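Order of writing sets the labels: A, B, C and D. Residues in every chain begin at 1.
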């Protein structure tokens, strides 16, 4: 859940969170503000809100955290009876502000606002296709492609929801979408169900969000998740489902359970917190060790560590103190002292670990540099043994569906055996969750999973040929 | 030339200034910065620069003055071998930042940056036409329509300059354009020649600008103006002219001479300063009066006042001191004291005017409220008579080509005779420049003029039916 | 440790953290930046750094977090061979920026920079005394009084350290100070030892900090704590101790262990983390209960909850998810929905607590409003019983030494029995740590304690007559 | 009047403008805002306002223009029944913000706010004296010394006005002061009368300002100037004068007429505009020349140019266009092109000057570099002769009373004859106003003058020994 300062690039990033509301009672921008705030862990680089007031669309977006971008006056100006919002993780550089969402456009039938979570395949072909019809693109975002697809489909369709449905049928890849016209709020999930999208209610209001935690944060009640391929249309308080794109497919990103989602979210019927705890329990059975203390690397390793402790009977303790006061403008240490930089962010708790054999649980190893430094902190603090346990299998392949996994050459598990990784990290032992066990971490989930980053096999056969 | 704080909305606004450069020596963003700075009087609300460095396009734009928007680091990041820039006068409200130019897009042949001065006719029809082909619009700007027209023409044309030429042939209205592709800088003027656009050189660099003052400010030399309809293409230092759209038309906005342009600019061979002085001389002949002193309302009335003084033999003096320290965030006085607000900005010079019969020259009367207050200041300062002279005919009609003239109901000359206006303003006499004399203020100009705002007759027959 | 958004004013605040360094190798401002960053939990409102470079003093301070106030250029400008820094918790309103520290002054012997943690008694008398000598005050801070006392003592003393010593002997109350002259860095602790102050080394550098975590964060090694009344002078790398003000007193604020300090700090030989865990253990013995799960209120209740779990044998679990993305400009919900505002910040983990009898541990109850809301969250999430345990005795009296405890009328324990508080909070049972047990939470500490806020009896007899 | 961007350091700077108001009707901060705005030409680096509301003092100050520093909310927060304000020209570097005025302090009798225009002599001795009494200084400003002097005098005096009177009697140098206590507004002018300070009324309000233009800008009426040494006390709407420090001296800075003051101000009964016009007339008689056109260097040379034209009969014209859109963050050109930098700011009007023999009037030559560049612009624009006339004598000595004249080695007239300066500047002829004529430029002024910068002889005999 903590992704702001990533001193050693040790964490993966997903590209966004989305939130939408239709509420005849108004104040939708304000509710979206709090909804986005609850989804801030899914993207900290930019955010935005578009709203409809009396059929007229307005919007505001900028780089920065939700609490930085919006002030009271802006929210009041935006307030209306529908709104969609977006938090974004973006690569640095020029054009950041321009790529912020919602994408707000005017097309043949009036205005549209689009927010999007996921990554499309075939974007170059798609872009080419539109360009050969004379299209111009202002951004490099998938959202603009989606908007084009909807606008073109609208020429052939009787309604905007049908246009969304036809457009979605053409697209391949991961997309959880909200599309807002002057009168309708439309939610859409890709046929594979890669990225989560749920629906809730609060009084007369209908809510959509990437995760259930956002629905609860605004005082709403989770109703259900959209099915893969499903489209839900809200108009005048009426809710209608379109299932033309629904197939018997289901490939939810399993990394949502392991790392991305907030522990208090429930996805596909499965508590995220419990899934992480389960991963820890499975890990304890799979890689037991004789030790004195189980600790987690904050924040995302803590749940699995508790599971490991519960299953193994080894006491759970606090191994680290994490400094949380990190803003966008934090001055990172000079190159010279970079190796010790991790201690500015993380401090090992000597009073807890000194003299002990420690099991340290984290959710992933990407490059391996950070876990080496963290283990080194523990040893300095007096730990006599450090046994690392990872609550997921090794990353060996890229993600084509929205997770920012580095190139294969940077993935430590692509080039090293588990024993070599253990040695590089300086651990006394190292155990990953097995692929076999991975399937068991979400027993309550009523869906199938994409495990492409752990297997190199993807739900869409030729995904890896996509132009990324 | 001063348009930032317009306490009583007394001044007209034009919508922009453009600047472009192709220089193999580089540093084009920096030169564009100084060029835009020299054009700041044409728009103070937003500005932007797009540049090409090694065929790659980058850009930066925001609301604010040129000196506020850009810092050294941004300019250095942008620097390259071609650049286009824009200063914008914009109406307030949401979306300001989004409507800032350059418009930067990607289309079938790569990137384009477009900057534009003027107003198109038929924009709704055009927009409709594109929308019925599935187009989406991010802005409400004419520039996006132009970009679409170019992108679509490009599908049928062998080069981007031909596409610009074909697109320009389809458009009606006022447009002075710069279009920058990765390899070419293309300047284009509408067939009627409404808005100025000139070309200059500085060493190996080719420069384009709305006014010659910008070319001189960067150390360049004015070469010539583009002809109405002409397209000039710069590639690899070679300059080529396309005259397919050139017709025997010429309808330059005469208000460029009277108010918009900087006095040190030369447009169509005519010095702007001299045109204003001529207007004052003509006014002196047309409306002589027995008086002790001629003064101008700063800044734009000063040149004409000098002309009036020279022709009449009445001494020229300084009648007002103007406070120039006005920024975007100046707190305007409360409604109660608004009538006296003009004195915060303007102070009458009692030591000069007390006891005198004064001729006060200004370039226009729009609503009449400001000139009433200014005359009142003069009387408080002891002027015994105030004879107002206006260096242009009365405004009686809107402009469809880029000047922000208010609705007819707000134009004082639409509802009042000259005698009634004199009475409302509290002047002892009032004289406007006649339409007949208007033709004589620019004797050196090798072009015809649009005088639509003074006559209600426009160079494009059905302009007033356009959807504005 | 988390004090930024305090939706219901439920947490106490201390007024600062201080850091100082003397390093012949330079870069002292940069080290101070990281030291202050590690102390950010002690004050988030304002911060500042003063440095000596070649005997010349420079400084920078402003409102905001350490990471917001300083940029690289500012740090580079400040860098030198000595530096002192300060983080401040301040009441809102005008003059915030002026009250930020370091206080930097010029006096009879050159420049001084002063940073200060604690609260003086008798400030009005002291201020009066100086005013009757003609003094002027720019701020309302104790630091300015201290600077005056030092400046006046300096007229009678042979060195600045003697002046600090004489001034300190006159002052009553809590003060941990750093005073920096062009050649010396002087650390000083009040004779009662209310506020912590420790010393460390890193290579040739001598470091001072409010807490040991800051020394470790910059790569240093904790050497020892200053004794109450001790003054340490660093000059040319030489360290000298002055013990003239040392008495056989020791009254460290025990709330440093319970809440203020970072868990990884060691104060007076006692690990803060372990003290909190001890408090939880003592609480488990004192107030046992039959339950299924022990949870802590994040972040400060977590350590004690672990202690309670360890001692009671009831499993420890995660009861809440806390949203950490809160900045200074977060828009708090409207008054209407304020009662539910806590859920924006805190979410109960239904998958963990549903159907369970829960022991919820927190470190304090101030007004009682927040804990009522938190318990309500747990019940909504399905907890069948909620047993609240507080790892400190009830607050019944103000603090005159730097902790921002509200007036007696706002302290819930001043007007209610434990049973009444339990009822107001909606808990099934409520147990506070006893005063008796309070003494046992820090068995390793080699100091006595001030427990005034729990007893109303203070180490300085007439403290409560002081003008606060 | 224009001092923001001074590309070649060609203009002198004064260090401030002050404004004060006592108005039982309230809104004093808002009036002060407009008053300071009218005095912005006297200082553009920082500004501030302190106000009394119900005997309670509040203030706000920062670096920036009046329109940048204050927003509506700040003004509303400050509003009260008395206020003082300050605009400051400051040298760059650290501590700018700290040196902004008003200086607001607490002393033996409550709060004081001090604003100050001028420079004290003997500041080091004075500072020493206070330091040897144990004083501490937060700033390096004269205002803090003045505040100390008042605070110490207050110990011996029955009222704050007596303390101001006693303090003023001790001080040597230039000071026009406003001192605001919770109940009184006190204006004070030094016994030599170096800097102007006038008083006005608006309804029940009493106003003080450095220049009359500020009194008129807020709708008030100039009543009179304070006499040198006079102290005026306003309390409960009553105005009382204290003349204990008044002597038969009067040495107003004559450069106020020549350059500093706004043309519409009246100082000592003399219109500033007319004084400048007189200077031009005197110059025409003293240095006649056969020419075709008289032009002024904007803005401060324009009035004198008109006087020269009127006296000589040679037509007055506009020789330059000045770009006024310059903010604090303007990026000055690189060193390489610095010689041509002047053209970014100033453009010669070829249509006016080409082929003509031109008389160019400016108010001063400091280093000589700028006038060389300006003359070069005129020649490029086609002027066949350029005769420079300067409406003041040559600068040959520093100012110890608040004008920022560079060191003697940088003053071109210290090292060159008039003929040499003419040659360096590239003029065809050069004439300065004589010292003899200097006396005649302000015939209406009822005061004597300090001409120290032109003569090296000062009203205070040993001024040049002062520690500057």
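The working rule: a residue touches a chain if its C-beta (ideal position, glycine included) is under 8 Å from a C-beta of that chain, and two chains touch if they have at least 3 such contacts.
As the structure is a prediction and not an experimental result, all values here were calculated from the model.
Asker: Could you work out how many touching-chain steps separate chain A from chain C at minimum?
Answerer: Minimal hop count between chain A and chain C: 1.
Asker: Using the touch rule from the top, work out which pair, B-D or A-B, shares more C-beta pairs.
Answerer: B-D
Asker: Measure off the straight-line distance from the CA centroid of chain A to the CA centroid of chain D, and report it in whole Å.
Answerer: Distance between chain centres: 60 Å.
Asker: Please compute the C-alpha centroid of chain A, do the same for chain B, then give the distance between them in whole Å.
Answerer: A distance of 49 Å separates the two centres.
Asker: In angstrom, rounded to a whole number, how far apart do the mean CA points of chain B and chain D lie?
Answerer: 36
Asker: Name the residues of chain B that each touch 2 or more other chains.
Answerer: none
Asker: Can you name every pair of chains that touch?
Answerer: A-B, A-C, B-D, C-D
Asker: Quick check: in the complex, which residue numbers of chain A touch chain C?
Answerer: Checking each residue of chain A against chain C gives 1-2, 33-34, 37-38, 40-41, 44, 65-68, 70-72, 75, 213, 216-217, 219, 262-264, 266, 271, 273-274, 302-303, 306, 310, 315-318, 321, 323-331, 333, 337, 340, 343-344, 347-352.
Asker: Please give the residue numbers of chain D that touch chain C in the complex, ascending.
Answerer: Checking each residue of chain D against chain C gives 58-60, 77, 94, 103-108, 112, 127-128, 131-138, 140, 144, 147-148, 151-152, 154-155.
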